[in-house]
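The first chain written gets the first letter, and so on, giving A, B, C and D; residue counts start at 1 in each chain.
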C-alpha cells in the first residue's frame, strides 16, 4: 500500500508525538472489534474464522491423525498457512507458521495426544488468510487459538478400554467410538498459546496496528503468551521498505503493553461459547 | 465400495435420505466480504462449502493480462487442506485444480458481457473450505453470485448441477460417496434456458442412459437458478429498505 | 516466438462466411473426418504412426517390471505421457505446460486410463511385489488441429498392437523368481484391452456471432434468441457443428466438445469446457455421432492390425507354432 | 482501556458484527446440518415437481423451458429489483440504457439492481459497482504510473484515469508553454503514490477518464489523512470541498476517495487578485512538506473520519450536512476512539437521520 510522502509525514508525526493520535482515535491498547465464529467446518476436528474491521479474514481448520510413534514423549504438531496473494513458503508465511508451531510444541503436554503407548495423535493446524491489510500474525494466532479451543478428539471405543494400559497395545490399530458427543476437548486442561504483535513508532507502542500505521512504524515486536506468562519474544519487520531501528527501552514498554493486551484477548476469546 | 443397497434403497431413499430428484440443502449469501472485494459470495451445497471473492473489473496489474477488445478474467482456486476427510496439502500446480480453473474461466468469459470493459481485468478467487462432492458445481454457482454482487453485467445466471446414473436409476446432485460409486456428469446451463455452457462426464456410461442424466442435471440447474435468484432478490430488497440513498 | 497463430481478420471472415454457406475450405462435409492413416512399425510391437490429414502423431508402448503401489498391490501400472514439444507447433514451449497442452493430457488421461481401457489387474505378476508397468509415450510431430483425436487413436491402436514378453514364475512362497522369455524364444503376449476408446472433437461456430464478426460489430449477444423467438427445435440454426476441425478452424471456433466413445455404444468421457453455450439436444446428437465415428475408426484399426499380423506372419511360420496343431 | 469487543456469529454466512449486516437477511435459526428436504426455507421446499411422471423419461423436447420469460415480473414503477437474464421490456418504444442487453426486440437486464425509467430511457442501476466517471466529477486519485507525457491515476474506477502533462498547472503560472524540460522532470511535479484532487475533463468510449487540475483548488494533497468509502454512498453536489467546524477541510471525492486536512488559507482567499494569482503559483503547489498541525486538529480529523465511517457502516448517503451532524453527535464521546464500536456508530447515525432533513 504505497503511501504518499505527505500521508507518511502526517501519520508519523501523529503517531510519534506524545500523547499520540492514531488516525481512528484509538488508544495505544485499544483493539478494533472482530467477528468470530467457531465450529463452522464439518470435516475438521476443530475450526474457527475471525474477520477484522478492515476486511482481513482468516479461517483455521484443525485435524487430528493417528500415527504410530517410536519416541513416546515428543509432540507431533504441524502448522501451515496459505496467505492468498503471496507465493507459497513466502517469508511472511514462514514467520507465521514457525512462530505458532514452536509456541504450540513448547506448551502442549504430550500426554494430551497419547492414545495408547504405540499410537499418538498428530495435530495439523491449517489456516487460510483470505485477505490481510494489516500484519496477519495476530489474526492467524487468534483464529488458531479459537480453533484449538473448539478441537475435540474422539475417545477410544468403550470395549477396548476394559484392559489396562499395556494390553491395549496388542489390539493393533486403536478403535474409536463413533459417537462424536463423547469425544473430549483438547483444551480441557491446556490453554493454547497466543501470539500478539505491537508496532513501535518513536517512543510509543501501538497494538492492533492498521496497515497504514505499520507503514510508518520503526519496528515490530511479537510476544508469545501462555498460561498467564510471556514465554517468547521476537523483533519483527513491519515495513518492507527501509531497515527499521528503534530504541532498546521501548522493548520493555512494549512487552508490558503486549502482556496486558494478551490477557484481555485470551479472556475475550474464551468467552466465545465454542459449540 | 459401498454396496448397491446402501447407496440407493429399494424404497428410493439415498444415503442422506433424499429422493432421486432432490437437491442437497442449498444455502447461499452474497456481499459477504464487502470490504475486501468488489463482489463476494458463500455457497453451501450439502457439506460442500465454497467462498468466492471477485475483484474487478479493474486496472490490469500485469501488462500481459491486457486484452484490447474485452475484459480478461483469471480464476484462482485454493483448496483448504482440511476440506476433505483426510488432510491433504495439494501441490500448487495440481492438474485437476488447473483444469477446473480453466473451465470456469472460459465459461465466464462467455457469460460476462466482456466487450463492455476492454483492457480491464476481473480476478475470481475461490476458496474450497469443505468438500463433499459437487465441488465444480459449487464453484460455478459461487462465481456467478459473486460476479452479480460485483455488478458485472452478465447475460444470465450460470448455474451448475451434477447427476449420476446407478444401473438404471438417475440420481440428482450427488455427494462424495455417491460420486465415487457411480458415473456422473456435471452440467452448467445459462440461466433457465436450455443452453449448456459446461458438460463434464468422467466415467464410462451407456449412451442411452446419457439423455435422462442430462435431463435431470438440467432441471437441477434450473432449480438452483431459482434458489440463487430468490436470494439475490431478497438481498437486494433488504439493501434498498436499509440504505437511504 | 509467436504466442499463438491467430489468423488475420480477412482469413477469419473468409472461413466463417464459407461456414455460413455450409462449405468447408477442404470441401469436407460438416461431419466428415479427414483421411485417417494408421501404420504399425514392422520391427517392434506397440509403435504406431497416425496421420489425420496433416496432423501426425506417433505413439510408442513399452513395458517393464516394477513394484506395484503399496495401496493397490493387485494392480499393474499404466502411465501415459503426452509432452508436446515445439516440434508440433511453435506455440508450444518445451518447458512450461501450456493451457491446451494441459487440456489434451487431461482428456487423454480420462479417455484411456480412467475409463479402464487397459485391464491393470491382468498386469499383476506377484501381488504386492512385481507387476508390469505399461507406458505409452505420445510424440506430436505435426499440429494441424485434432491433436486429442489423433493421440487417442494412436494410444488405443498401440495398446492393441503391443505384445509383451512372456514370463514364467519359478519357486514358491517368498523365494519366487520371474523368468523373462525374449520374444525370439516365446511368442509375446498381447495386453488385456477391455475396450477401444476413440476421442472425437466437435467444434461449434455461432452463425450469428460469425455474421457479426463478418459485419465487424463487437460480439453480438447470442445467448437467448435460440430459445425464445424462433421455435425450439433440435438443431436450431444458430449453431453449426464441425467434426475434426483443422488448425485454422480450431483457432476460429467459438467452442468445442470432446467426446470419447467405443464400439459397444458407451460414452467414456465428455469434456465441454464452458466456452460457447450450445443447446442440449445438439450435444446429445453429437454424442451419438461420436459413437458412429468410433465404430468407423475401430474398424480401420482392426483392418490395419490384421494386415500387420499377415505381414509378420510371412510364410505363416507362426501357424506351426500354434498350440492347437496336432503334435 | 484495552477492550476487545468480539461479535460472535454461528457460521460462515452470518456476520452479526461487522460487515454491513451482509448476510443478516438469511434467517439465523437456519439448521446447519444436512437437511433432508431440498432447501427448507425457500418457497419450493418439497422436491422439484417433475412435470412428467416417473415412467416416462423426462424427455428434452417437450420441456417448456422455465426461462426468465415465464416469470415476467412486468414493469413496476419505483424500487423494483431485477436480476440478470430477466426480461425487462418487449416493446421497442423504450430506449435501452446501462445494465441491459437487447436481443432482437426484447431486452433483458444484465445486472441485479433497480429498474429506473427516465423519459423513455430504460436502465438498471446495479446495487453495487465501481465508480463510473462522469464529466465534471470532482475526484481524488493516487498516481500509480508515470508515462512519457502523462500520469496514470487510480480513481477506483474500472480503469486507471489519465492525467496529461498539458492539463496540469505548472509552476510559473498559466501562460508558460510546456517545454521538453517539463517532460523530463515529470516526477518533480507528481510521482507514484502522490494523492491529488482533480476534475474529470473527458470520458473515453471504453469508460476510462481523463483528468485535469487546472484550477488552484485542485492539485497535490497534503496536511491530512486519506481513506475511502463506496462511491455509491457519496451524494453528488455542486461543491465537494468543504470547510468544516473545528478547523478541518474536507475533500469529498465523488469516487468515494476522501481527504481530511487541516484548514489552510487557499491562495484565492488571501485577497490576491486573479492575475497575480497565476504568477503566485510557484513550486509550493507541488511541495511534499506538511505544515505544523496542532494536536486537537489531528483529533478532530480523526473524529470526522470516524463520523464518515459510521455513515458508511449504516450505508447512509454522505453529504456535508450529515457529516457535520455526526461530528456534533460524536462530541458526546470524549475520545474519538470510542466511535469505532458498532453500537456507537448506529446510535450516531440514528441521531443524524433524525436531525438532518432529507
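In the analysis below, a residue touches a chain if its C-beta (ideal position, glycine included) is under 8 Å from a C-beta of that chain, and two chains touch if they have at least 3 such contacts.
Quantities reported herein were computed from a predicted structural model and do not represent experimental measurements.
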For this session: Consider the two chain pairs A-D and B-D; indicate the one with the greater count of contacting C-beta pairs.
Result: B-D
Seminar exercise, completed: Taking the mean of all protein C-alpha atoms as the centre, the chain whose own C-alpha mean lies closest is B
Exercise. If you average the Cα atoms of chain B and of chain D to get two centres, how far apart are those centres in Å?
Worked result: 30
Seminar exercise, completed: When centres are defined as mean Cα positions, the distance from chain A to chain D in whole Å is 35
For this session: Round to the nearest whole Å and give the separation of the Cα centres of chain C and chain D.
Result: 53
Exercise. Distance-wise, how many Å sit between the C-alpha centres of chain A and chain B, to the nearest whole number?
Worked result: 32
Exercise. Residues of chain B that touch two or more other chains: which are they?
Worked result: 33, 35, 47, 49, 51, 113, 129, 155-156, 190, 193-194, 211, 214, 218
Exercise. For chain A, which residues are shared contacts with two or more other chains?
Worked result: 42, 53, 55
Exercise. Taking each residue of chain C in turn, which ones touch at least two of the other chains?
Worked result: 221, 223-224, 227, 232, 280-281, 284
Problem set entry | Residues of chain D defined as touching chain A within the complex | 1-12, 15-19, 33, 142, 192-195, 220-227, 288-290, 293, 295, 298-299, 301-303, 305-306, 309, 335-337, 339-342
For this session: Please give the residue numbers of chain B that touch chain C in the complex, ascending.
Result: 69-70, 95, 98-99, 102-110, 113-115, 155-156, 185, 188-190, 193-208, 210-211, 214, 218
Seminar exercise, completed: In the complex, chain B touches chain D at residues 16-19, 21-27, 29, 31-35, 38-39, 42, 44, 46-47, 49, 51, 56-59, 113, 116-120, 129, 148-157, 190-194, 211-212, 214-216, 218-220, 222-223, 226-227, 229-240, 242-245
Problem set entry | chain A to chain D touching residues, read off their complex | 2-7, 9-11, 13-14, 17, 19, 21-27, 29-38, 40, 42, 49, 51, 53, 55, 207, 260-261, 264-265, 268-269, 271-273
Exercise. Which chain B residues qualify as touching chain A in the complex?
Worked result: 33, 35-37, 47, 49, 51, 53, 76, 78, 80-87, 89, 92, 125, 127, 129-132
